[in-house]
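The following pair of complexes shares a single chain, chain A, combined with chain B in the former and chain C in the latter.
Up next is the complex of A and B:
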């Protein structure tokens, strides 16, 4: 089977405005916190929420944000890829999202206008619109596996190339903040009113975020033939279900450990070969404990020498986009040899006893990095990236 | 390429619970479309008392498709769900409470059960399926795309068996919008679920009595705003993968109004109504059952096929689907010789 290269990246995320991935990375590795108390996206209520949101200015309506950030991130990735129009015509695209253009639906509900709502309500609608706008002519797929959607999109894209079904697949994740999600996670008592403190003993919940990220994945021979650059290679991917509870993770991390083990086996790497794990790290009590147990179960003693950090401490939880954003972070850690920190970390939890890169980035060579995701439905996904092939 | 077989089917539709009810209704040409399915009759759903209607449909269909496999033992199975709209009623209920009524509280189940992967997640919990569980979202062509994803998982060794399930529920909103876009078809919106169990055919030697058919070829393409062109590519791709020509195909099954290839083309739309991606899954299930019938012309298709004189034997059936915006897919099912 062919090697899969990541040949381009595009991103729109919270943090201060950036034009390049390098600028984003500088902000992230300096520990910049984008989570602030903000009003809800559409509803006119007094209650504020701790969220990591993207500023789009006054020229656009909130309900245009989904297409705005998705289009900008995809454009950045396509420009970075230098793929020709003909190559884009033959490319597949897989996008992970949980809620799609949910703000459009909310606006229509507020306005009492239900025309066209079923068309726009379908998650596949924005995927087709983006495919049409950028003339991506292969198979278009929308994946929704809750908070693992983005990681699954990357993994499914890589698998599509490995099986020879396509030479180029664009993998993306897009989701925006919505009143729907804020109210829902609030009802589930998952939101924090403090700082987001992944793996900290006093962690009290997550902050929601938003974003759009795209990776261009390519068969090695195709990338070599056109002289494409390589950010890294997709070495392994696996998805496993907890089969336990719809909203709560399996307490011992059964599904996630199984996904890590399967991805590792596929990659041909050993447990000690993984230098960095970008954790799901939501900062909920149960997720972080489950994730720590899963990493220890899958990596054994190597878990204690592997750096583990949660970029959600700075970017919030961008739902279906988070898996692709965090895959991008894993690739940048390999490229730059800098591991982003877990910020707001103060009180070690005896049960969460791994090296979480507290508060300050760590400079160290990273040969292989893993990104983990878990979500509603008992979804778990692990994807492993490695250094570019030396040609 | 590993040859894959369909070894189990399950369905729930306005015709009733079970693939048999679906087959009986279509064989008789009985119009059963429209109306809410009020009773699934499935004991296992007691575990999911707060689940959305779409989940109860999905679980009912999966239960039937797995029935011959006994209880449990599905740890190495994959489950791929195809969904178009998801839990419309729960989602609308939550939206209405939070957004339209501006209330601060609502049932958390309205939120968690309305995520698009809830039917797949709940099915994995009920049947203890711990392999890859994915939900792929789209219109009628997504049933084939879900099948293709399952096939890839088996071919790459990520799973040994896969359940593919499509499920939809209707509500006032989807009925209203459907009637606006399809004024002539008002009232024909349907709901339910369909499920397939697929496994490597070569591991089933001698051919298992429950093997309904093999999956010979499949393909999916998107050509924005050119559905006919996308569909032609999908059909050509599926034929090429199967190593067949149009002349080998005994019958085509599709709800797409324009006949795409020169073979007898059947549609069960008038009988079952339109249930988005589930309609395509029902077409696949009915075709698999027809292939597995073991007779030259299965009675299932007889009512419709009597309009066509020249086809006395069906060895291969193509099922295709497309959407106005240019998403298309096709799958070919082939009859197997029984021992």
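Up next is the complex of A and C:
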């Protein structure tokens, strides 16, 4: 099986506007908080919500945001990759999303247009639309595994290359803030009215976010032949089901621990080789406890010497995009030797007793990093990245 | 390297309008698994079809195994659920949304329900599809071939009109493993 390289990245995310991944990374590792009180995208309500949103200006309608940010992030990744038009024509693409362009359907329903659902609302549409727009001519695949969608997209893309079915696969995740999601997560009492405080004893819930991120994955021999740069390698990936509850995680982290163990086994690494984990870290009471238990179950004593941080404390929860954004963060930690912090951390929780990199970034060499995702329906996914091969 | 041959050892089909068959099957599943609540027609059809496929393949459930994976496709059927939920929000305000319906607005709720009912703990992938689940079945076969899962339950649910759904699932496994456990093979997958 061939090695899988990550040869390009593209991202549109909250935080102050940035043109490059390095600028995003500087803001993130300085602990910038993008979460603020804002109205829902389309509905008129008196109440505001703590969200992390991307400004698109007044020239575009809210329902245009999905394809605007997806297109911008994919363009950035393609330019970064320097793939030729011919190479793009042969590339596959996998995109993870939970709700797709939900705002376009919301607008239709608000306008009373119930019967004529447009194709734009279809979850299989974004990957087809973006594939056509950027002339990506290989297999186009959509993934919707709740909050694990992005991580699964990266993992499935890597497997497609590893098993020789493709040379280049673009993996992405896109989701936008919607009234739909705000109403639903509000129902579940999962939204915080305080700061987002992952792993803190006084954590009180998540803030919804949005974003689009793309990674270009490539077979090593293909990347070498065209002189591509390498941000890192995909070493292992696994998906696992809790088979437990429709909305709550398995209390002992059974599925996530199994995913970590399987991904580690594929990577050929040992537990102590993982230097950094970008956690799912939503700041809900149950997720953070479950995730801590899963990491300890899978890594044993090594869990206590591994840095674990939640970038959702700064970026909010970007649904299906979060797995790709956080994979990008894991790769940047490897590249720069800087681990982003978990901000707003004040009171240690005796049950969440790992090193969560509280409030300030940590400079340390990172040889291997893992990104974790867990979602509705007991979806779990773990993906492991390693340093570029020394040529 | 010897190429692994993938065979189909179980098949299950369900049509949401076949109410009697579905209710009888769900009652039987309730007795075998203790799972009692099935809400949506998509869910009922999918669970029924998977139970037929597992029984046909001779795979006992609840499984409790993480070497069985679920690879499922679903078309725009799920958009009906999302519309119903959001109409509730529009009708009753943001606080009037249905807590029972919200989880089903995420398409993977249906694959999740299958994993919960049959206690399938392995790989779990939900792919939104246009009109065919062929691609997700190919991915399932690739996962078996490369050792990511031992057995795959793969198929999906497609809409056949307003609130009418068709669910079809297959059990896939390595031909040698199927032979070793004495399972029949309907056919082999050529790719």
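Heads up, the rule we're going with is that the second predicted complex is superposed on the first by the 387 of 391 C-alpha atoms of A that agree within 3 Å, B and C clash if a C-alpha of one lies under 4 Å from a C-alpha of the other, contacts with A are read in each partner's own complex, and residues count from 1 in each chain.
Operating definition for what follows: a residue touches a chain if its C-beta (ideal position, glycine included) is under 8 Å from a C-beta of that chain, and two chains touch if they have at least 3 such contacts.
Predicted model, so just to flag it, every value in this text is computed and none were measured.
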{"item": "Superposed partners chain B and chain C on chain A - clash or fit", "value": "clash"}
{"item": "Touching partner for A:243 - first (chain B), second (chain C), both, neither", "value": "both"}
{"item": "Partner chain in contact with A:137 - chain B first, chain C second, else both or neither", "value": "first"}
{"item": "First, second, both or neither for A:167, with chain B first and chain C second", "value": "neither"}
{"item": "Identified clashing stretch of chain B versus chain C [147-155, 219-227, 255-263 or 309-317]", "value": "147-155"}
{"item": "Shared chain A surface residues [contacts with chain B and with chain C]", "value": "43, 45, 47, 98, 105-106, 109-110, 114, 117, 121-124, 128, 139, 141-146, 152, 156, 159-160, 162-163, 165, 179-180, 183-184, 187-188, 238-247, 254-255, 258, 262, 375-379"}
{"item": "Interfacial residue positions of chain A with respect to chain C in the complex", "value": "1, 40, 43, 45, 47, 98-100, 102, 105-106, 109-110, 114, 117, 121-124, 128, 139, 141-146, 152, 156, 159-160, 162-163, 165, 179-180, 182-184, 186-188, 238-247, 254-255, 258, 262, 375-379"}
{"item": "Sites on chain A touched by chain B in the complex", "value": "42-43, 45, 47, 98, 105-106, 109-110, 114-119, 121-124, 127-128, 131-132, 137-146, 152, 156, 159-160, 162-163, 165, 179-180, 183-185, 187-188, 238-247, 254-255, 258, 262, 375-379"}
{"item": "For the chain C and chain A complex, residues of the former touching the latter", "value": "66, 69-70, 75-76, 78-79, 82-83, 85-87, 89-90, 93-95, 97-99, 102-103, 105-109, 111-113, 115-116, 118-130, 135, 139, 142-143, 145-146, 148"}
{"item": "Touching residues on chain B, where the partner in the complex is chain A", "value": "79, 83-85, 94-96, 98-100, 102, 104-106, 108, 111-113, 115-118, 120-122, 124-125, 127-139, 142, 145, 149, 152, 155-156, 158, 173-174, 176-178, 180-181, 220-225, 325-327"}
